Amino acid sequence: MARRRNFDIRVQPGFGLIALFTFFSLYLPIAALVAYSVNAADSLSRWDGLSLRWFISAWNNQAVQDASIRSLILAAWAATFATIAATMAALATTRTPRYPGLTLKYAFINQPLMVPEIVTGVALLIVFSRIKVWTGYSGLGYLILAHTAFCIPFAYLPIRARLENMDLTLESAAADLYATPWRTFRRVTLPLLRPAIIAGFMLAFVISLDDVVITEFVKSGGQDTLPTYMLGQLRRETSPEINAIATVFLALSVALVTLFYFVNRRRP
Amino acid sequence: MASASETARAADAKDRRSRWLLSAPALLIIFVAAVGPLFVMFAYSFMEKGDYGDVKFGIFSLDGWSSVLLARDIFDDTLGFADAHLTIFWRSISLSFYTTLLTLFFGFPTAYFIATRPATSREIWVFLVTIPFWTNLLIRTFAMQQVIRNEGLVNTALISVGIIDRPLQIMNTDVAILLGMTYVYLPLMVLPLYASIEKLDFKLVEAGYDLYASRWQVLRRIVIPLVKPGIVAGSILVFIPSLGAYVIPRVLGGGKSMMLGNLIELQFGAGRNWPLGAAISITLMALVMIALLIYVRNVSRTESGHG
Amino acid sequence: MPDQPQRDAIDVRGVRKVFGAGDYAVTALDTVSVSIRENEFFTLLGPSGCGKTTLLRLIAGFEYPSEGEILLYGQDIAGLPPHKRPVNTVFQSYALFPHMTVAENISFGLEMLNRPKDEIKTRVSEMLSLVRMEELANRRTSQISGGQQQRVALARALAPQPKVLLLDEPLSALDYKLRKGMQIELKRLQHETGITFIFVTHDQEEALTMSDRIAVMSAGKILQVGSPRDIYDRPAERFVADFIGESNFIEADVVGVDHDRATMRLSSGAEISAAMAKGSPPSARATLVVRPEHARIVPEGAAASLNGTVENVVYLGTDTHFHIKIDDGSTFVVRQQNSADAGPSLSPGLRAGVLISSDAAQLLRS
């Protein structure tokens, strides 16, 4: 007699098919993008075989080089400031009974997540354009400030989660063993928080690197980042060079996310 | 005794003070570069527009707000509804709504599928959803363009198979924006849904089958009500950024199909009407706040329902 | 005479602790006063929520009292933060630092006290051998067993040679066998180090076997302080008798009082003598407490203190419990040890008497 299969209570008919289709659709456009980047042809319409010529041409493009370096510098500064501010804010808003102003702090820290980017973008345009006229300064500072602001909630997320799961008695134990509050922080809290701080920094870095909208409105002339450069290029007839840039960018994002995933998963 | 209670109170006050000092940098940065400018923008929406952009500072005017929905006829100077603006409002709201529906349709089975995998492979599936989530939005939009443009993947495939002989015009239409937003925001639906389905106690599903429910009835009467918080969270996470979308309609709508984000940009760019742009921005924010309020009310209701 | 062993290490005076404020205020400790002697193994015993852990945290400095003072060798420490008190704690969860090795955990307190390097080194190895953990010195704390973690926690708290060691239910996470072993180990450590131990537990057996003195707490108050024998044999209050061991409670009339003893008339008419808790003169009617093993089954008759019908016989291996339905309607339990030559068996439904000797009965404070 044939063995009967158990009635699987978890199965819903069709769900597996839809799910597989979804995963296929999630990666099909990305695959297309990568495929066209290694296309030898001059246009996106033809397939002429494999070639790295578009990567080489992008590498030699001065505008692309400048924008890439600017993007990385900007992301490094913004992520650093955001992580420091978020770490301090997380220490101030966790592991405490409710106190007056706590809700306000939460609302403030999460505000950049609630308001559409385009709205923040034009609001910053209004304010910064006037400040640029008043002070005559039109450097990278505006972008760093704007990026730091919207990176804070992302850096704050993992740090706060980690703090809330941290055993409070560890710090009590340090204090009990004659550690002053500062030494408790240096020797116990900070080492235990380190993975979350790294994770927060990486999230902030990726978020800053990816931003198009706010950067588009805050940047001064000649301050293109890689995403705004790409957005500008997309207006015109696109050449596969942009696919090459996108592919490299994509690889960088995937690498960072993978790294983040493993940093966050490791528990000391 | 007074001394002991004073010590306790002093320690509390010191703790409170250091908590404010610690949060000061974050609050200050966000105030300067996010919250504060919104107030300035609110003020700008009540000023007269400048001739070459910007505003005539300090000169009060309601023109910005009235032109959100109304337009003066260029021939006889009578006020009428600004049809172009109304179309864009309607497009933004309806496209966001359909995007939410589509992501739910594809996202729910996907999240359910992931949640019912064995624990070891589950992580890999979640990771596969997370990667597009953290990939640059512009790049994903551009990737979608590669699929739907006239010489793109879909049209090339359909023509080579012989189903059509001329490419389908998908780019620069509402459909292109809808497809783009569904593709880009899908992970925002899957992740919260997965989080709540993963917590679902399948003993309850077992009990449902024990009490003669069919698969469909179990889904409708047991699974969906229990994971409703995840459905609501996912929907709000998709709906809100869709409403404020700017890059996707710009790249895939090609300036023909505009959404609110593009209308705002237009006023600060070629339109040179900053007060109007500010007024539309505030209207968009208000729409987002309404959606958030509905969400918060829904969450508190489901929570009290379970408590 | 400053060096007498009877010196007080900790003196808690009129300490109140209220958490929250207004309508949500909860009084965790209600004007508690207690003295703990030098070199003593002192136990705070009570059910969860009785305030025993709060009292310990007040002594450690993790909370500040709302009222009252806490003296350490005569000096008020109630306002000092924990890192300025020469008092160390063994936490219920051990709270070992997960990012440090066993040896690093033990040396932490000494480092914070800025002790010289070689002193720290010798002290750490002393501590490692004291708790027999020499081989595991360089392990991470996540790589050792629960019992080993427990010993590291002890060594870490003892390393800075505190004046008082506080132990917050340190054995509750261990299984039965390990717990038994650690009870003996703790006693040994206290003996060898000569440090005053304040031990918090809800386990009466643990308290009785390990302590020099026990304070029984309930609802934020200390009900009775005494040696394990005092607490068990002479409970002053119904809660104490009920919480520790099993008890029979008998309502009786006070016939006469003589010093610390009272003559009581039981419902059967028999009169017995009972010890009286200090302080309160009994009213006309009072409650007696009798431990099940302090009464004996005798034939029914005038010689018995109480008479009744056997209701239930429960065999428990080492002893047997006899549930007797007394003629006044109450139930009395007698515990008798089983012996190889089993005596005449009693079965439910038979008549029997209960004999309460004059040393067995204790009059409760009303």
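All chains are identified by letter, namely A, B and C, in their written order; residue positions are counted from 1 within each chain.
The rule we apply is simple: contacts are C-beta pairs under 8 Å (C-beta built on N, C-alpha and C of every residue); 3 or more make two chains touch, one makes a residue touch a chain.
Note that the coordinates shown come from a computational prediction; the quantities given were computed from them, not determined experimentally.
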Top-ranked pair of chains - ranking by C-beta pairs in contact: A-B
Chain of greatest Cα-centre distance to chain B: C
Length of the line joining the C-alpha centres of chain B and chain C, rounded to whole Å: 60
Distance between chain centroids, defined by C-alpha means - chain A, chain C (Å): 56
Distance between the centres, which are taken as Cα means, of chain B and chain A, whole angstrom: 17
Junction residues of chain C - those touching two or more other chains: 81
Touch list for chain A against partner chain C, complex: 167, 169-170, 172-181, 183-184, 187-188, 191-192, 268
Chain B residues within the chain C interface of the complex: 1, 3-5, 7-8, 11
Residues of chain C defined as touching chain B within the complex: 14-15, 63-69, 76, 78-79, 81
In the complex with chain A, residue positions of chain B that touch it: 15-16, 18-23, 25-27, 29-38, 40-41, 44, 54, 105-107, 109-110, 112-114, 116, 125, 127-132, 134-140, 142-147, 149, 151-153, 183, 186-187, 190, 202, 205-206, 209, 215, 218-219, 240-241, 243-244, 246-247, 250-251, 260-261, 264-265, 268, 274, 277-278, 281-282, 284-285, 288, 292
Residues on chain A engaged by chain B in the complex (per definition of touch): 7, 9-16, 18-23, 25-30, 32-33, 36, 43-45, 81, 84-86, 88-89, 91-93, 96, 99, 101, 105, 108-109, 111-112, 114-120, 122-127, 129, 145-146, 148-150, 152, 156, 206, 209-210, 212-213, 217, 227, 230-231, 234, 242-243, 246, 249-250, 253-254, 256-257, 260-261
